[in-house]
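Next come two complexes, and both contain chain A; in the first it sits with chain B, in the second with chain C.
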Partner chain A sequence: MNKDVKINVHHITRVEGHGNILLDVKKGDIKKIQWQVPEAPRFFEAMLRGRHYDELRPITSRICGICSIGHSLASLKATEDALDIEISEQTNMLRHLAINGENMQSHILHIGYLVAPDLFGVGSVFPLAVSNKDALLEIVKLHRLSNEMSELICGRTTHPIRLEVGGFTMLPTKKQLERLRDRLNENLERTKKVAEIIKKVSNKLPDFKRETEYIGLTNKDEYAFYDGDIASTDTGVLDDYKKYRSYMDEYFVPQSTAKYAKHNRKSYMVGALARFNLNSKQLEPNAKEVADMFGLKPICFNPFMNNIAQLVEFVHNIEDSVKWIDKILDIGLKDEKLKKITPKKGQGVGVIEVPRGILVHDYTIDSKGNCVKANCIIPTNQNHANIQHDMEEFAPKLIDKPEKEIELSLEMLVRAYDPCISCSTHYLDVEFV
Partner chain B sequence: MMNKTAIIGIGNPLMQDDGIGIILLEKLKNNNSISKKVDLLDGGTGGINLIHDLSKYKIIIFLDAVKMGEKPGETIFFNISEINSKKKDFSFSTHEQDLLKIIKISDKINKNDNEIYVYAIQPKDTSFGQELSEPLKQKLDDIYMRLVEKINMLF
Partner chain C sequence: MSKPRVAFFDFASCEGCQLQIANLEEEVLDLISIVDVVSFREVMKEHSEEYDIAIIEGSIMRPMDEERIRKIRSKSKILVAFGACACIGGVNKIRNQWSVDEVKKEVYKNADLKDNKYFDVFKTKAVNEVVPVDYYIYGCPPNRDEIKKVITALAMGKKPDIPNYPVCVECKKNENVCLFELGKFCLGPITRAGCNSICPSNGSPCEGCRGMLKEPQTKCVEDVLKRYNLTYEEMKRRCTMYNYGKEGCK
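Up next is the complex of A and B:
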């Protein structure tokens, strides 16, 4: 217990963006443990000011390449709320498919390419392609399916083009939807196979618990993604979504340029595990089976189980999408034209569950239809404080272990949150050979 | 029917010069002779989501801002086999988007048999902002014309 440990992991690998872990142990005492997010702050809200309402969605869809459908939908919901625009039942159903597609894309990407290397004990997805090629190929097929679904509904795999204020600019055909339904059904077995593969190595997920609060959407009719009421595992349902700030108190800390957030406790968690903890009873049957397979039960206070909650949600998204497609086809696809919109003054809030948790867009629009004020609350920012407090409790349990293992365990903790710290620049940095 | 060639724009138009690939892609969409014979894809910041697109085409040209030590707005057209990434190995993050690693993993998984080129544009400023930096803005027509020449030479 008398050892010194100094860990300074810069730009932690396999999370999206930049984040540092700092651990300083002197003679067995933890002097400092910090989750630092030095990413330059991004002023997307400022960018939206002065923009016409129909530009808000395309701009916000560029905030994040992984959650571009989610940002699009939050943006549309906020805009439609501000302008009092009702959407059709068909649009509502297709938007449910859109968010399912994105959730599937993002979750399988995270589990397969970022978490699996930890579980299989390899450094990255590259050696995994050699050591566990069959498992990886199954995952790749699920990722491809998710991409195809997003492309069919939204017109593109990333940065969607068909989602517009009031509806869709283009619809999938009946035949395409039938084909998608068949593909989803065919792949349900594959997801269970992947779950069994992950199950075999899931003992690598640390058995660590810290009681915290979970915040997400809840909806009496469905496992909430597209729509619902804001809810907390501590304090229950918020009566009015426009009072979202009362559940999401954002503040700044010196170690991070990203905002932190709290509500009933010193921190809370959002994302797949939060949704599972709030809504697990509404999961589809196969998803419930997968949760049981891993012994996942609400309220689960182990942040590492967020990875498993993602897997459970992936299965749920497949089953749920089949139901929505059946419903759309039962009613019959209608060629709905986008209605003409008359701009008006108003304020609107769009709340939606995206892969990493609850996302809020809040716009104030003037009588000409221009945005005069915008606020976006991003899931990862809501998780930073919870990551910090987890680390403070997790690190003392690790200090007797070899330094490399401590480092990997702390990295795995951060990765479990699937943080998306930077959705910014992506240029190549190269040398010619 | 899908074309055998794709041109994929990469980057974020909310981050000044990082978005040059997307700006060029939009210009190509208005060029009928090119948009008829090649598929034009907006890769944006979708990172690893590209791996499936890579296996669909025989020839792919990426349009991307590339830090290569040239003057801002200078362009180089090269085959992907001619370069090494200077980004740290195994910093495999879906969002940092190291194109070379995405290509590598796609090759491993899909056994791709394709030719990949990059039309690289040296950026000046990739910080927050919706407009290109002054040097790139001034050279945009020239950057676009050089790209069209390269495409016409290939096909």
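Up next is the complex of A and C:
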């Protein structure tokens, strides 16, 4: 093929934040293929210096609108680690519900509103309101359920309110939890319906594989979200979470200032597919059924299947949440008051799985309780290098196709990672030609 | 009458404000029955350069952003600042207490950022520090009922009504125990209402995300501080989370 192709997707749509895709083909040769991130940097780590420990959670929540609950929980874990604060069993259980609610909200938003238009061959979710109204309404109902769950546990779905150092400022009532459990159970059937809808159009997801490393949390007791050990599909479990930097080596690319991350290979992937590849045996039964429905098995090296792993996790989050609510109600909901905290000097690390992958907050706090140093490692930062390497291997398979189709396929690849660019440029990540 | 054409744009922000549109759930369908959404990068591929109402999320931080917002202003009949970052600068302004070089060094260490337009950053500005803003939808994130109210009013050619009284008014109406009574420091007395006192109603103090009142009841604020043995200095410090640089907030 002697074709020339020039693709320049400026500000790719239906992703969170600003990213560009550049492809330059001359006489069938790929001269340049690049994933670029021109988002404005926001300097969060600098902003945290001097802030009192009780302000770190509300400020870092604002790194990302979509995963504000995840940032909040990572922040609380880091702060509590630094100040040696133990949380109660009830707080631990309610935080599991908080992260489940956010994961559900984020995943269904991604699959239903951002990815589905590609599968149905339209430009956005709006035309689906006419052409596939019933299917769309099922998805909207799951989105609403997820947000209602977050609102009940956290006080608000975007930028949670009730999550506080040491516990909660306010608790749901027993009745509210019972009602939530009923709603979750009622909606389990609906998730199957939505899975069927996606299944019918899932042949639009390209069959592309590239071997890579997957990193995420793992936990012998549960499919890890809130807590666990850092693990890799290549090298196994890291013995100490405070050594997170040894698994997340962030580095600069010489030809640009973009920050990438690597560990055992030239890049790795984090997120739903990474978690599935590490922990699929611990999925709840209905979630396993959905995975089987799509033939999703570990280790899956097709990045497009991240969309399906998200769907599987959505179902798991529902089933898992029902179990946690049962446990909370069995033990009996207690009106726990927040304990008084005496500030002390310390350094703490919080690691958690958020919708797009493993997230780390690391704070150093002085004797007055003020933050003197902060470091945050964001899931999308860890995926940028993997996106780039996928593109380099995927693009040659596409160049015989019409330009519009190449463009769509590359966009779909980026979208499959569900990048959260506002997050990733909380301090960095810019690349350009 | 044809439907007004609405375009959403984002600058430095977490995109949580735009997410509130998706969080309207089924009511999004009502919204698109009264306006034509012609540009909304976060959710749609289609994009039009012709629009009546521009809704802006995020703060302005770079010359390239300044150029873009001026262009948007010149094309829109009505420009709405959407959320704390756009309306007042919000948390993005925390960094204004240091020089740009200092925050770059803290965050990017020794990386070479020279001649890099994406890093050509100035001190954070709210949208109205660059172009005239017609209306404001305050909050971090904005209240969904208020979003509906403002967009509906604009679609009908009316002026949206935004409260100019303190959060305390809503907090009292919601019959909350005053957070000062619970030993917390709340910015409700000096912060613009319209959020239905959502933070205090969830047991957490107001952080001032909707911006400070134009004319707060200073006598009343003094009384509150005195009664609970709190200092004006502490209040100013707390105000810097969302209102850094406002009068007295440094």
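Please note the rule applied: the second predicted complex is superposed on the first by the 417 of 433 C-alpha atoms of A that agree within 3 Å, B and C clash if a C-alpha of one lies under 4 Å from a C-alpha of the other, contacts with A are read in each partner's own complex, and residues count from 1 in each chain.
What we mean here is this: a contact is a pair of C-beta atoms (placed from the backbone, for glycine too) under 8 Å apart; a residue touches a chain by one contact, two chains touch by 3 or more.
Note that the structure is predicted; figures quoted are calculated from it, not measured.
Once the two complexes are overlaid on the shared chain, A:Leu23 sits clear of chain B and of chain C alike. In the superposition on chain A, A:Ile59 contacts both chain B and chain C. Of the two partner chains placed by the overlay, chain B and chain C both lie in contact with A:Leu137.
Applying the stated contact rule after C-alpha superposition, one finds that A:Glu164 touches chain C and leaves chain B untouched. Shared-chain residue A:Ser68: touches chain B and chain C both. In the superposed model, A:Ile215 makes contact with neither chain B nor chain C. In the superposed model, A:Ile318 lies in contact with neither chain B nor chain C. Note: residues 11, 13-17, 40, 42-43, 47, 59, 62-66, 68, 109, 113-114, 123-126, 129, 137, 140, 143-144, 147, 156-159, 422-423, 427-428, 430, 432 of chain A belong to the chain B contact set and to the chain C contact set alike, using the contact criterion stated above. The part of chain C that touches chain A in the complex is made up of residues 10-20, 22-23, 25-26, 29, 32, 37, 40-47, 58, 61-62, 65, 90-92, 94-95, 98, 102-104, 106-108, 111-113, 116, 118-119, 121, 140-141, 198-199, 202-204, 207, 241.
In the complex of the two chains, the chain B residues touching chain A come out as 10-15, 18, 42-49, 51-53, 64-68, 78, 82-88, 90-101, 104-105, 108-109, 118, 120, 123, 126-128, 130. The residues of chain A lying in touch with chain B in their complex are 11, 13-17, 40, 42-44, 47, 59, 62-66, 68, 105, 109-110, 113-114, 123-126, 129-130, 136-137, 140, 143-144, 147, 156-159, 420, 422-433. Here chain A touches chain C in the complex through residues 11, 13-18, 38, 40-43, 45-47, 49, 55, 58-59, 62-66, 68, 109, 113-114, 117, 123-126, 129, 137, 140, 143-144, 147, 155-159, 161-162, 164, 169-170, 252, 257, 422-423, 427-428, 430, 432, going by the rule given at the top.
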